[in-house]
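One chain, chain A, appears in both complexes that follow, with chain B as partner in the first and chain C in the second.
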Partner chain A sequence: MGYYILKRFFYSLLSLFIIITASFFMMHAMPGSVYTAEKKLPPAIEENIKAKYGLDKPLHEQYLLTLTNLAKLDFGMSMHNEGRGVNDIIEEHFPVSASLGTLSIVLVLLGGVPLGIVSAMNKGKWQDNVSMVIVTLGVTVPGFVVAALAQYFISVKLKLLPVMGFDTPKHWILPGVALSFFYMAFIARLIRSGMVEVLEQDYIRTARAKGLSKAVVVYKHALKNAVLPVIAFLGPLAAGILTGTFVIERVFSIPGLGRYFISSISNRDYTVIMGVTVFYAAFLLLMVFIVDIIYVIIDPRIKLKN
Partner chain B sequence: MEISTELFKPLNKRTPAREEAVRPSLTYWKDAWKRLKKNKVAMICLMAITLIFLAAIIGPYLIPYSYSEQIRGEEDLAPCREHLFGTDGLGRDMLARVLFGMRISLSVGIVASIINLTIGVVYGGISGYFGGKMDNLMMRLVDIIDSIPTTLYVILLMVVFKNPEVNIFELPVLSLFKGLGASLISIYVALGTTYWITMARIVRGEVLSLKEREYVTAAKALGASNMRVLFKHLIPNCIGTIIVITMLQIPTAIFVESFLSFLGLGVDVPMASLGSLAADALGGIRSYFYLLAFPSLAICVIMLTFNLFGDGLRNALDPRMRK
Partner chain C sequence: MNNILEVKNLKTIFHTYAGQISALNNISFSIGQGEAVGIVGESGSGKSVTMLSIIKLLSENGRIIEGQITFNGKDIRNAGEKEMQNIRGNDIGMIFQDPMTSLNPLFTIGNQLMEAILKHNRISKAQAKQKAIEMLKLVGIPSPEKRLSQYPHEFSGGMRQRAMIAMALSCEPKLLIADEPTTALDVTIQAQIMELMKELKNKINTSIILITHDLGLVADVCDRIIVMYGGTIVEQGKVDEIFYNPQHPYTMGLLKSIPRLNMGKERLKPIDGQPPDLIGAPYGCPFVARCPKAMQICDIKKPEYKEVGKGHGAACWLLYTKNRGGE
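And now, the complex of A and B:
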């Protein structure tokens, strides 16, 4: 087990290192200086600015500098907003995205799991058909379409909820639902196929035969096994929710890190782009790492060869 | 018990010694097609996909406006007889723009899937066929690439490509496609090089089991080279799986493209893709809802038909479903 954790940790670090290296060289492969797009600067000033951001050093020194800074969790300064550190930006905007993301994950689980159970329990009946229609719609309609439609019909037409912003719990409902819709459908499908498979197993028949009630069989015996793939999916789910926030935060004008990330792309603020990419990547790798470890611990069928 | 000779009869010479085949033998493809035809949903989707392709390819020539033409004095029209989908704020016909957007989205879906298919099949095939240390190394690499968040990587790639000072046509291969515009090529490349992991893994698995078959031994005994065995014997035998994965990858690519375009990382103006049309419409959602409705509807229909058809195809081509 310890060996497995160590190995997984090593792979995560390796992946992170590759991402850092790739993004560093991608950013530096671009010709011209970052400031050439703006007004032409006098050479002396340009030299000064380059020296300030360490751009005058040879490439390998810059690379090592970036690596040591990142190891110290220092993401550098924004090139677009003078005097703002990327760390400050992340500290200010990430909590907003994180709360939206957490809310969505809760909604995904609260909506997706029951939907999947109901549909598996009534396989082939109308409940199953209805939930399968919802699921099919969920995985085919892109998040921004759900968001825009919800905004138009619920906020603009019916005036039930605020159109944009993220101030009160009322503001959170639409973005949360829009962000979780796709994954809710995905989880429902996952639970359904897992349940259908598990319900045909011999031990379920045995449990029924010895006189246990249907509820006990479903919740105590079947669900436990059907839920496992969902836990394995939590890592990709976190990644999906995170990138989903780019779009949802834009539609609802939520001041989260996703929206900031996208605007830094159009501002070509390279230090922010790189810093936030590395931050996101590290965050996701950590999530996937934790999920993998949990999965091995709770599923007794996985035997690690050592 | 006594056995009398009366119990025995001479065999009628016309009766064949073995059992006759119950049904005419079908090739893999005939069998798959037969099963696909029985699946009503898949067949409806196949027809819908054909119509979508026809609309995207021929459609723009059938309407009198081009996607970038601004008709002065006809800005912001609601859907009417002249402009079935209305016009946008610059007086451009929305029907023309949506059809053009469909063309872009479909082309991204198909081109990206073909690039992914090629990389994935070659990578997975080589890894599975040669096995051993090489396989181990190649699969560890896949594990690492797999743990890199794809969307972030695609966004990063698009940031580099969309830098006005980067000229991707300097690369020799890409200079052939100059006519398509830099942004579109960037999307092809960015999406085409990121989503091949699944294909590589599955092809590897198939090749790993297929290479133990007798026909591989026979081919090798006849002196076939490794490359010949791999590409003439093994890969053609996993073609069913490859087609199914490609078919399901097309909507994924279209999905990601619309996501990128929505964020402003997609095609450049005046070109339009379904995602960028939806993004442009967002600002005027209160007054000009139809500008959002039509492109959104087009994305949903494309996604739905491709996904359902892909599911049907999987059921039809999966050998385990074969009776």
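And now, the complex of A and C:
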């Protein structure tokens, strides 16, 4: 187990290195720079500032510098917002994104799992049809459309919830739903097909032949088996929710890290792009690792082999 | 006579896209206290459906449309799900065909074994564990304490089937139904499991129904044999009567298709043809298409079951014709 974790850690570092390298060169391949703004800076001043951030050096030197700084976990200073460290930016904005993301994952699980179970238990009946319509909508309609529609009907027309912002729990509902809708539908589908398949297994008949009640058969014996594919999907789910926040934070004017990330790209704020990319990548690698560990805990047939 | 199970005129149908399947047609039989009965027949003859009808675990498209099922003096044909839950696992234990898929892979053997014990007995977890260990010992699983916390994938096929048997017997059922318990096992393990069944039959006074398509298996363990074909009982009787004085051509055909050690270079005689299609209402004898002694009447009218001796009888028109050779 210890060896396995060590090996995974090493591989994660390798992945991070590749991600950093690719993002670094792609970022610099983008036309324009931090200082191509509406107002042209006097050449002398621009030279000065570039020297301050090391942008005057050849690209390979900048690359090595970035690598060494990142290795020291020093993400540097923002080039666009003078005086703000990238670490501070992450510290300030990530908690907002993280709470939105956590809320969405909770909604995904609370909505998707029961929906899938109900539909599997009533296969072919109206409950199944209704939930499959919801699921199809969820999978096909993009999150930002859901967001816009929800804003229009629920906030503007019915005035039930605030249109944007993230101040009170009331503000959290619409972005949470908009962000989770797709994944909720996806999980419902996974659970449904898993349940339908599992309920036909021999061990379910064995469980019933033991005289166990339907509830025990479904929630103990069937659900644990049906949930396995869902766990495998949790890694990509975390990734999807994270990238989803980029759009949803924009739509709802939420001061999260995702929105900041997007604007840093259009501003060519190289240090912020680099810092946030590394942060997100590390976060995702950690999630995937956690999912693998959960898998081992739930399914005894899977062993961590060295 | 003290019968633990009595089934009368049982009819079960299945609704499928191809039409209605009459899986069971007028099945009647009884199982005495402590008696071991083998139900023999080829695939699709209705052996398993009979058992699933009794414990009400038919798949959703299956339905009992007629008949009486009396278990332990009580009519359970119309018993509700709750009532059945108290009977299943408690009064009737079941062992299924494939031990590789019959155990839930995500729970330990101990968990799955104690689950049934705790459901039907008011005892503590520790007591249930003690009982589980006892049961594993009874079915010959070595170091049961250790095995209890292992998962099904850590058991071999034979060991899993032993665990299944332990599970089925854990609440001391009055009736044990074993649905082809050895079909999925290789031959040496098969012999071991049958040996175990025989041993248990003598140790605990449980009635046993052994479903199989292997006549050789039942001969050793069972007192009586019921032969099924095409959803009907074609013959039943004591083991000796079935083996040495079969009345129905199908039973004779089955016996001829068993290989014997002293057979020399003779070829085995399989029964020609295919089992009948049970879609739609059946006319005549289900075996008529494959019967070497078929007569005109066999095509038109179904033969009634007729006793030829005490507890021995068959459903065949031959029994109604006077000039029968043999006897």
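In the analysis below, the second predicted complex is superposed on the first by the 271 of 306 C-alpha atoms of A that agree within 3 Å, B and C clash if a C-alpha of one lies under 4 Å from a C-alpha of the other, contacts with A are read in each partner's own complex, and residues count from 1 in each chain.
We adopt the following convention: contacts are C-beta pairs under 8 Å (C-beta built on N, C-alpha and C of every residue); 3 or more make two chains touch, one makes a residue touch a chain.
Not measured: the values here are computed from a predicted model.
Colleague: Fit or clash for chain B plus chain C once both are placed on chain A?
Modeller: Partners fit side by side after overlay.
Colleague: Is A:Ser213 touching the first partner chain B, the second partner chain C, both, or neither of them?
Modeller: second
Colleague: Applying the document's definition of touch, where does A:Asp299 land relative to chain B and chain C: first, second, both, or neither?
Modeller: second
Colleague: Could you look at A:Gln151 and tell me whether it touches chain B, chain C, both or neither (first, second, both, neither)?
Modeller: First partner only.
Colleague: According to the contact criterion defined above, which of chain B and chain C contacts more residues of chain A?
Modeller: B
Colleague: Does chain B (first) or chain C (second) touch A:Val288, or do both, or does neither?
Modeller: Only chain B is touched by A:Val288; chain C is not.
Colleague: Should A:Leu6 be classified as contacting the first partner (chain B), the second (chain C), both, or neither?
Modeller: Neither: A:Leu6 stays clear of chain B and chain C.
Colleague: Could you look at A:Val141 and tell me whether it touches chain B, chain C, both or neither (first, second, both, neither)?
Modeller: So A:Val141 only meets chain B here.
Colleague: Please work out whether A:Leu160 is in contact with chain B alone, chain C alone, both, or neither, and reply first, second, both or neither.
Modeller: After superposing on A, A:Leu160 lies clear of both chain B and chain C.
Colleague: After superposition on the shared chain, which partner residues are touched by A:Ile18: those of chain B (first), chain C (second), both, or neither?
Modeller: Only chain B; A:Ile18 stays clear of chain C.
Colleague: With the two structures laid over each other on chain A, which partner does A:Arg250 touch: chain B (first), chain C (second), both, or neither?
Modeller: first
Colleague: State the minimum pairwise Cα distance, in Å, between chain B and chain C in the overlaid complexes.
Modeller: Least C-alpha distance: 11 Å.
Colleague: Give me the intersection of chain A's contacts with chain B and its contacts with chain C, in residue numbers.
Modeller: No residue sits in both footprints.
Colleague: Give the list of chain A residues in touch with chain B in this complex.
Modeller: Result: residues 11-12, 14-15, 18-19, 22-23, 26-27, 29-32, 36-37, 136, 139-145, 148-149, 151-152, 156, 239, 242-243, 246-247, 250-251, 262, 265-266, 268, 273, 277, 280-281, 284-285, 288 of chain A touch chain B.
Colleague: If we count contacts the way the header does, which residues on chain C are in touch with chain A in the complex?
Modeller: Per the stated touch rule, the residues are 55, 57, 81, 84-90, 93-94, 96-98, 101-108, 115-116, 119-120, 151, 153, 164, 167-168.
Colleague: In the complex of these two chains, what residues of chain B are touching chain A?
Modeller: That would be residues 143-144, 147-149, 151-153, 155-157, 159-160, 163-166, 251, 255, 258-259, 262-265, 275, 278-279, 281-282, 285-286, 289, 292, 296, 299-300, 303-304, 307-308 of chain B.
Colleague: Mind listing the chain A positions that touch chain C in their complex?
Modeller: 201-203, 205-214, 216, 220-221, 224-225, 298-301
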